[in-house]
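Next, two complexes with chain A in common: one pairs it with chain B, the other with chain C.
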Partner chain A sequence: MNTHESNIAAPGLEEAPRPSVVSVAARAERTPARETPPLADEPVLVFEQVSKWYGSVIGVNQVTLEIRPGITGLVGHNGSGKSTLMRLAAGLARPELGRVLVGGLDAWSWEAKRNVGFCPDLDVFYEEMSGRGFIQTMARLCGYTRAAAHRRAEDALLLVGMAQRARLPLAGYSKGMRQRVKLAQALVHEPALLLLDEPLSGIDPVGRREMIAIFHELARRGTCLLISSHELDALERLTDRVAIMAAGRVAAVGALTQIRDLLADHPRSIRLACDQDNLLARRLLEMDEVVGLERTPGGQGFLISVRGRDFFQKLNRVVLDENLEMRHMETLDESTEDILDYLLGGRPSN
Partner chain B sequence: MGLKLLHYRSWQGTFRSGIWSVWPIARVALATLLKRRMFWVLYAFGMLLFLMFFFGSFLLDWIEGQVAEGAVKIGQIDPNRVSRSLRNVIRILNGSQDTFAYFFVYQGGMVMNVLAFTGSLLVGGDFVRRSVTFYLAKPIHRWHYILGKCLAIGIVINLMTTLPALLLYGQNVMGDWQYLLNVNYFTEGNLGRGPAGWRLLLGIFGFGAVLTVCLSIILTAVSAWMRRTLPIIMVWVTIFVFLRMLSEMLVERLQYGPVWRLLDLWNSMCLLGFACLGFEEKQIWPSPQPPYWQAALSLAAVCVVSVIYLDRRMRNVEIVS
Partner chain C sequence: MSEPSAWRAWFYLVGHSWQRLARARLMIWLSLGLLGLFALIVVVNHQTGRMSMARWQMPRRSGVSYQDHLDNAVKAGSLLWTDPAQSIRFAVTGAVGGAIHDASPFYIFSNGMIFSVFATILLPLWTLSFATEGLGRPREVGNLAWLLTRPLPRYSVYLATFLAALPWCLALNVGGLWVLCAAAGTAGERAFPLYWPGVLWGTLAFAALFHLMGACVRRPSLTALLYALFLESIAGNLPREFKRLSISYYMRCLMFERAEEYGIRPQNPSIYVTVSGATAAWTLACITIGTILVGMWVFSRREYRDL
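== the complex of A and B ==
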């Protein structure tokens, strides 16, 4: 299984319930996923038949996954195995079965950690230390000389927008500042693989945009980012490539649109509006792909349910043939959240 | 926000080995400790004992001088007899092996208190706050982390024992250079017993090393196990107070063999320290005592068990963090 192809594991699909009702207004505000850069050939992070138990509880179960340069989202419910997967990749846990490789090296080895920057979801540090002191210490742990560690720490702090505030003790930092410091310590040795656990949590909207811009720039420059997040809207702005975890397994991995295509049992919901709604509705009902049509409450446009991949081509033809002026077209259930709904039977909880 | 800084000044040098991370880890732990008032209060109490030893030698010289000059008369008692009695009473301040044996034993008691209170701060806090994750996600081996913590504890121990002991040694050297140059300074001058010079200096380092190695490993293991201050103190008291009382009861009241004193780890550490200072086994009080090799063996066993526990603890850190 790799991120070139979308793949869906059987267990998650068979038990997936019907999609829940989602606010149309909320959909309308959603920003479409940004394009992620094309994947390079060599995977940076490889899980090979990895299983990990905590006593009698299974953390991850026979996971096989390849993560390549670019941004990959990791989503799933609490207890689905996301954090365990992150910890295995960061070399903080060792699999009972299988192996985890970072750049060809066993992730458990300290040599492999040279290539890994891990930003955990912890909010606690040595509270008396300054942000600058913390980053400098982390840089020294990476093997830099004292002088080099100071330079790298300054640059990393500047990068995350904390250079001016880094002299303050960590105890006085807000949640957003702590997130930035955590990101700085993960970036300080310029790793090939960045593992970010809830990196946008607690950051204000402006800061969030800045962080997302950094992630995109890192990805553009060839860094591999694996981002675990409950904030699916933010994740969608980062990438359309996700790995969905359920019950310790990878339920699906690939581009969101590809995963959605494979969910053939679940019709797509699309909101349409044009200058001649009645004509369009009549033509749509003639199509085999359209399985339902409903007027929107306000009377402007309608919601349709469609199956199959050919619908958009046929719609295109209809619009041209009838010379319709389309005013609105929006797919309502291709978001990460909706796909999670379909796959896992509910949204991830915080 | 400096996006242009990404891949800024790419690192062209060679990364240093993970062993270099030991000092930053220790420094962070020490910095955390040194910012606590409680530590300075306990340290100040420890230093009071040092000051007593430091100025006690001046007191000894002064009293001897006063008695010899006849300035001090205690009734009809012969001044020489008074001088001899005083010398015997405060012989422990004359800079001999006795001085350092008593100093390490008394100061060690204070060190044990400090360590009991600071174990959580130096080591346990990393597990409670889960900040150990930050360390272990860096390119270091888990043993580098353990070494860093042991180094921090070792520095605290030596700040309270070996360093003041060296100051006491230096004070005696400044008083008489023969103290440094002549190993038989005390026996030749009929000033006391035991070695002086480099042999005594080596003994001081040896006693300090025994305390450093044993206590740092045991405290790191106990702190990683218990994590919070109160449980650490309870375990610490059990090991170094309850077991001490038990061994004393077994050997001195119930007349069990001296091997039962090995239950008392502090006694075993002191035995090894006394060996370093040049004491013979028969000179050690309370008697009977087990042979030095048995004390060394028991401490080695405890340290090995602690190290094995630490190894397992660090391997499974993800379960508790």
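== the complex of A and C ==
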């Protein structure tokens, strides 16, 4: 067993025995469809000019996207095409145009599904089964022997923090427990690509921290995770790499900061306060980057709109030249929500 | 750590799907209840002597019964006749009448239960109950996604769910036929060996068709019910070659041929022109295999948006 895997545990599970999840390399050896494990910089999931219609409604429109090992967030409003993209990657839908490849294989093909673990948004199980029975069944349906399926189910349940609670029928599970079971079934065959559709919804804050830790651990082991979520704060804590979807298209891809840089022409709002507000305001208005300035309602400091990348360097120079004592500086629209709102045309997010 | 095997997964899926159907307890109890009800009807008719010509009256409801007619013939035959030919004539009439009477339970059981109730209602109903559920139920509930995201070819998922439903359909139809035949006494003993091949082939063809409906239409049970009780009946009663669109037509042809020597034939043979048993069996086999292949093809290409 690989040593780093013996450290896998969600927070709060320190007393539990460590899961014997085999290493990523060993997993790749076992998986016939993936003879050689993908390199770290190789895309695991590729969308090539993918378009998908539902009758006259377009689901995704000429999407080209590469998802590499690590965590990638998928953000967008309802109807933006996130779920369609997930379904395409999971092989539940086929594109009308373009192709979707998982590890070089058509995502619709059954061979590709060996490399895919899908945690759907749907909340339907075989309700009379226990959580453990369900995971074992999913493992058996992946082609494992009874013994191997039992072992894998235990490992997966331990990883998601359900090992002690998985003997009860699924019908009695809370939303959070059901989310964990869904995650466990996606993990049970140790896929290279994990597709997680709203995996954090319905989970309490403690559980959410545990889940995020699990995602980070999986990413550290080389698994590629594509996580869709409306909860941008949670997604921000998971990753800074996002694909932002709007109206069936990928509006932006990359690190949030990169996206922000790409949006340099978009005015940013900054709240400033110092010991000499008037002097600072005068110097700021001399800058080309500052396109607006107004006093804050309380009279302390002011709110400025800036454009361009060099603003903070110039601000530093002014502060040093004038020997100002800065009391407050806050960028107001740096969050994912604001970037998303800007990209999506200012619509409120869900 | 053992290698995952698609074959192993497929065989497991067959068993898993069979177990899922076994979970549909309401459906099983309803089917068994229906079987019990009709078995009871057969038993009561058999025990009270209603499953023979003995109570048939001519004119209907007011005339002398067939049993009385036979008794009278026997009495008349025992009279002292001066003409020996007349005596022989009465003896022969009595013997033929007795033979017809003895054979009548099989005739009545065949026409009154097997063809009118079992082949028309029970067999399609039991078959659709399980055949549409193999894929239709997971589609309606929404847990089909768990199967479609497993590393199994879609056509193999279709085939596995069909094979899982088949034992239920066969057990209810062939087993149900056996129960009804057992309840009918000697008439049933004669009927079962004659009719089970037709029931078997009919079950296979109906199951394949209803399973396809489960994969294709949104409310497969209702659609299959409408098909079985209306379209099959309508198609089966259409003149000339149109009735050949009906699965039950071929099933009945098989059954008619096997029971022909016992006087079982269509009520109006000039209109209900049958095909040979071999043709009927081949046709049902082709329908079964063809429908399965079409279903595998459709299912391997079809998207389910509501999953």
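Quick note on the criterion: the second predicted complex is superposed on the first by the 268 of 350 C-alpha atoms of A that agree within 3 Å, B and C clash if a C-alpha of one lies under 4 Å from a C-alpha of the other, contacts with A are read in each partner's own complex, and residues count from 1 in each chain.
FYI, a contact is a pair of C-beta atoms (placed from the backbone, for glycine too) under 8 Å apart; a residue touches a chain by one contact, two chains touch by 3 or more.
Quick caveat, the model's predicted, so the values are computed rather than measured.
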| item | value |
| --- | --- |
| Three-chain arrangement built on chain A, chain B and chain C clash or fit | clash |
| Partner chain in contact with A:280 - chain B first, chain C second, else both or neither | neither |
| Partner chain in contact with A:93 - chain B first, chain C second, else both or neither | both |
| Greater residue coverage of chain A in the superposed arrangement, chain B or chain C | B |
| Chain B versus chain C as contact partner of A:45, first or second or both or neither | neither |
| Chain B versus chain C as contact partner of A:170, first or second or both or neither | neither |
| First (chain B), second (chain C), both or neither touched by A:110 | both |
| Which of chain B and chain C A:214 touches, first, second, both or neither | first |
| Contacts of A:118 with chain B and chain C, given as first, second, both or neither | both |
| Contacts of A:63 with chain B and chain C, given as first, second, both or neither | neither |
| Location of chain C clashes with chain B - one stretch out of 24-32, 42-50 or 78-86 | 24-32 |
| Common interface positions of chain A, toward chain B and toward chain C | 54, 90-94, 110-111, 113-114, 116, 118, 120, 122, 124-126, 128, 137-138, 140-145, 148, 185, 189 |
| Residues of chain B touching chain A in the complex | 1-3, 5-11, 13, 15-18, 20-21, 24-25, 27-28, 31-32, 35, 129-131, 133-141, 315, 317-319 |
| Residues of chain A that touch chain B when the two form their complex | 54-55, 84, 87, 90-94, 110-111, 113-114, 116, 118, 120, 122, 124-126, 128-129, 133, 137-138, 140-145, 148, 151-152, 155, 158-161, 185, 189-190, 210, 213-214, 217-218, 221 |
| Of chain A, residues touching chain C in the complex | 22, 26, 30-32, 54, 90-94, 110-111, 113-114, 116, 118, 120, 122, 124-126, 128, 137-138, 140-145, 147-148, 185, 189 |
| Residue ranges of chain C in contact with chain A within the complex | 1-9, 12-13, 16, 20, 23, 141-143, 145-154, 303-305, 307 |
